[in-house]
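Each in structure tokens, the structures are laid out below.
Two complexes, one shared chain (chain A), two partners (chain B, chain C).
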Partner chain A sequence: MVLELHKPRPIWVIMFSTHHTDIGLLYMITSIAFLFLGGTLALAIRAELFFPGAQIIADSMTFNRMFTVHGTTLIFLFILPFAAGVGNYLVPIMVRYKDMAYPKLNAIAFWMIPPAAALVWLGFADFTWYAYPPYSVISAPAPAADMWIFGLKILGVSSVLGAINFIVTILKCKHPDLPLSKLPLFVWSIFTSSLIILVAIPTFAAALLMLLTDRLGVSGFFNPAVGGDPIAYQHLFWFTFHPEVYVLVIPAIGMMYEIIPRFSRKPIFSHSSGVIAFVLLAIVSFASWAHHMYATGMTFTVKTVFMIGTLAAVPASAMHVFNFLATMWGGRIKFTAPMKWSVGGIALFFAAGAGGVVNSAMPLDFITHDTYWVVGHFHLFVMGTIAFGSIAFFYYLFPYITGRMYNEKLADIHFYLSFVGAVMVFFTQHVLGLYGMPRRVFDYPAIPEWIVMNQIATVGAMIMGASMAIFLYNMIYSSAKGKPANMDDPWGLGGKYYYPYQRKNPRH
Partner chain B sequence: MRAVCSLSLVLMILVILPTVNLAFGAEVGEYLDRRVEIWNLFFRMMVVAFTIGAVVSGTMIWLVIRFRESNPKATPTKYEGTGELDRYE
Partner chain C sequence: MKAPENWIDMSEHSHWPEWVYIGVVVALLVYVGAEAWNIERIVEHIPEDAELITVTAQQWFWSFEHEDGTKEIGELHLKQGVPYKFEITSKDVIHSFNIPDYLVLMDAVPGRINTIWFVPVDAGEYEMQCREYCGLLHYNMRAKLYVEKA
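And now, the complex of A and B:
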């Protein structure tokens, strides 16, 4: 952060600080590091699938371990901590308070992440990030599976602590002159996603405990050999993790709400519709979990209920997209990196949403279930929307954090390569799914269409990998030797804005 | 508002009602050629998704070209320089 530029501080002062900008910085740097680690695993997975047969990964067990840790890392150690980091950085400033409500609890929530990450990475479990029984109960090798369970448990507690802190900060610490209705949409996004976390996570926490005791042989909740029901785990899991999808995507949309009006040089088209859409998404996120389970033998009536529950998210999502478009309409848009990434993210968000609507129709789900369609669909969300929004905001905060500007040309190359790469990988995976290729496979038969589409996807992934290497270089080089930024208006947009660098750093 | 209601009605007729019908039809044991029903639904939903997608994507591409800062027709917005864009603590 810019405090370092003007008044350098040793790294351990930042590491053991409880100030919200320091913890926000730690969250963001940690999450970006895990983006690269998880992304590296993705490249290895795609390289393996370039041709049928074994290529670079020795066996299917190793392959399973890699995509398990890839998914776990990018969801729990990149996307969630990044949103928490940005929230830490900006929410107290936006609600006009000196810090988060509970600074020490905030630091504790962050410092739970490294040990949890160590458990996940050192264990390298093989049962996918779902950990579905009966495999996870009966066959998944220890200690990897148990380490994963403990790691996720710690991450869940960290999320809940962070969510409580955000909710209290927003509701109880905001300036008395600032009504809830006037809070920036980014604050609303953090608020609604924190509420979802509080309601959703305890269910998975219970499921993890039950899974662990099943594995230890002292219970049989999910073990069919002793009368347990593996489907019960799926209900508990998806009751948490379908809402969790919105926990991931809502902050990214909130970040776009900060960037798009700013770079369009217009106020947001409709603040109230953004708030309503966030609240609606938070509510309907709990009405659609079983659409992940159409193939588990539920009655048609239940499936229909969950299908309609899923479709109920469409109007709220569309409200965000139309809000963005209406804000840009009539603006004078400056297309620097944050805006490019945001607009790219909106385009892919819409594409992902359209695919999701088609997929939510339960008769169609039987065709696409467990195929690469699903992989393409959710990756378009998590990479195309959430990661794009997060990277946009990373560029946006970069001058405020470092006091220097990033290299705009390299940022452009980063964006265009990533966008093309994302389309090549994830759109192709949709079609690959319609051609019947199952997901989570180490090898596949030499069907010409499958081979070609896998190769297109792999080339797209490599392009994205190259763009991320450019990103890494740009961030490191520019933070050390970039041009000093005009801190009051780094992009020459006019108008005054939130200036994180002007915050004092009081001792706690 | 009228347009929204009309669009919702069209979507309902195209997508939701036939699917609900299909679901209940299966429960009472009526004969269904599911392959036909599924692909029928698939094509209808793809038509809806691609039509809306084309409109929204087209609008977005036009917005990006028309309202970019470097467009010769670009003019300052009415909010610039008025203080309405200021947001600070």
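And now, the complex of A and C:
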């Protein structure tokens, strides 16, 4: 494997490079930086909700802007770029090609992220990450909302360019001796998520343009005052962003497929069932978007159809969980940081999926919809599964990138604090939702149960915040002064054959 | 080049545990889906004698109009044991009408009228709130429901 920081180079050499590992590194460092920025906003939001009444954040407008940018940042500037970064690093190596198919396009896709991030952060829009009209058309303050729309537009183009590059690399540049069905599951995860991006994103791109022209007053697609239909936007939005949920989660599962067999010192239980589950998820992800909209007044038949579509995604997810457990079963498991984070992520993935079944059942959705239940539910995915998987992979790549070993004790503390924190925040939020607390509120009435549960959640968030500070210290300290890693086998797993991508690539 | 050794041969181990597991998962999902379908079908059936309340949302308060023309703002007085049908709409942006204690939830969408119904079974004082983000005072878009003894 080609290693990046092992031989130090000036930063501009990495920045202006078009080599896939350099761009992968840029993607990963950028995304981890945004993980910390977005996480800081989350801590401020949780601190504000510790007591009812206004404490830390001056007014509700600031609070609304903060949770909007928190969501936008972590979805578009942490999760997506992190997966793209890991994909850049590993996909060409795993398909045995010298680089991505279009190296310059690859660099362009990355360099679209900083200006988009600047637009989102300097604008600091307030209409939540899904920008529902008519609020986003008639009510949202001006420069911020338009900057957000442009920022998301750029990020969408960047995603599509990245997806095209991955698909071409995998289909056209793989070694001729390597059949598609034998590609590692991580490559399959990037392949399927890229296909979803390619089909889903253009719809949102169109919706964003319509939103923009509506805001400029030259059209009225979503504005009922001039005959438009705000629900149309919700359909377009969720047609993109329900599949996008799988774009976020599939690469994280793929990363776990890299880690779990190696640290269990066993082959994957079933490679083909992993492939089938990825493909199934990619297909059914398009059959469930309107389950976000049960309460908009849909007819019974439409709700039923989308409930079935939603439930259909569960067996494929369950196949992944089974595959992980069956792989670990009877293995000689080495519980170092990457494995701990993966196993923790799978546990929370299971919990999130179980909660999702509740959401999808029509009558129950009317209890949970737009309450803190939903906040807890999807955070179990985005934080509990995806961020956990990403952090696992970050620890896993760390010695290969830096040539040094991270501090295992600190990584241990990081994991246990984060896991406890995640359970405290997100499980409590589920219950809080059942008590009826709506999401996106700056303040809440002093109902004793609400106060207690908000306080548990805030303490959990602070624990997680502390663990992330430890993570940051560990990464910075260890990349400069950590023990040199044994590059053939950093974790002492003892098998040459657990690292397939280390096999000599004739083109590297 | 031959495939690396750790890519496994599918014939190596038995697959019946996975099929059993998938079967259990699918059975559970079918059960959940069927129950949800059945309950929702019953819940959505509005009784014919339900009294009509028109609910209008706007930034950031609720107004109610009874069948006899009585108007209320920020509070709603209902009678215990009587079925009520709400016709919900909005004047500006999307809101969501919610009585958490009675599990009543329906979006208030400008340009549309959504209906939902419920029977207040217990007398007392209940909270009503907005559950769809609607801007500056979304957190404070609340109203009181008073259910009077029959």
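Keep in mind that, in the parts below, the second predicted complex is superposed on the first by the 489 of 508 C-alpha atoms of A that agree within 3 Å, B and C clash if a C-alpha of one lies under 4 Å from a C-alpha of the other, contacts with A are read in each partner's own complex, and residues count from 1 in each chain.
As a working rule, a residue touches a chain if its C-beta (ideal position, glycine included) is under 8 Å from a C-beta of that chain, and two chains touch if they have at least 3 such contacts.
What you see is a predicted model, and the numbers here were worked out from it, not measured in a lab.
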- Query: Taking chain A as the common reference for superposition, should the pair chain B and chain C be classed as clashing or as fitting?
  - Reply: clash
- Message: Just checking: does A:V357 make contact with chain B only, chain C only, both, or neither of them? Give me first, second, both or neither.
- Response: both
- Message: Touch test for A:K303: chain B only (first), chain C only (second), both, or neither?
- Response: both
- Which of chain B and chain C A:F51 touches, first, second, both or neither: neither
- Message: Quick check for you: in the superposed arrangement, does A:Y102 touch first (chain B), second (chain C), both or neither?
- Response: neither
- Which partner does A:D370 contact after superposing on A: first (chain B), second (chain C), both, neither? second
- Task: Mind working out whether A:P445 is in touch with chain B, chain C, both or neither, as first, second, both or neither?
- Result: second
- Task: Once the structures are superposed on A, label A:P230 by its partner contacts, choosing first (chain B), second (chain C), both or neither.
- Result: second
- Message: Once the two complexes are aligned on chain A, which partner has more residues of chain A within touching range, chain B or chain C?
- Response: C
- Message: Output check: A:F124 vs chain B and chain C. Expected answer is one of first, second, both, neither. What do you get?
- Response: neither
- Message: Looking at A:D177 after the superposition, I want to know if it touches chain B, chain C, both of them or none. Which is it: first, second, both, neither?
- Response: second
- Offending stretch of chain C which, after superposing on A, collides with chain B (from 24-32, 114-122 or 132-140): 24-32
- Overlap the chain B and chain C contact sets on chain A and report the shared residues. 261, 267, 300, 303-304, 307-308, 311, 357, 361-364, 366-367, 497-498
- Residue ranges of chain C in contact with chain A within the complex: 1, 3-8, 10, 13, 15, 17-18, 21-22, 25-26, 28-29, 32-33, 35-37, 39-41, 43-44, 59, 92-94, 96, 98, 100-101, 103, 105-107, 109-112, 114-115, 127, 129-140, 142
- Hey, which residues of chain A end up touching chain B in the complex? 93-94, 96, 184, 261-262, 264-267, 299-301, 303-304, 307-308, 311, 321, 325, 328-335, 343, 346-347, 350-351, 354-355, 357-358, 361-364, 366-367, 494-499
- Query: Given the complex with chain A, which residues does chain B contribute to the contact?
  - Reply: 15-16, 19-20, 22-24, 26-27, 34, 37-38, 41-42, 45-46, 49, 52-53, 56-57, 59-60, 63-64, 67-69, 74-77, 79-81, 83-89
- Message: So in the complex, the part of chain A that touches chain C is made up of which residues?
- Response: 60-61, 64, 126-128, 132, 134-135, 138-139, 175, 177-178, 182, 224-225, 229-231, 261, 267-273, 295-297, 300, 303-304, 307-308, 311, 314-315, 318-319, 322, 326, 357, 360-364, 366-367, 369-371, 435-436, 438-445, 497-498, 500, 503
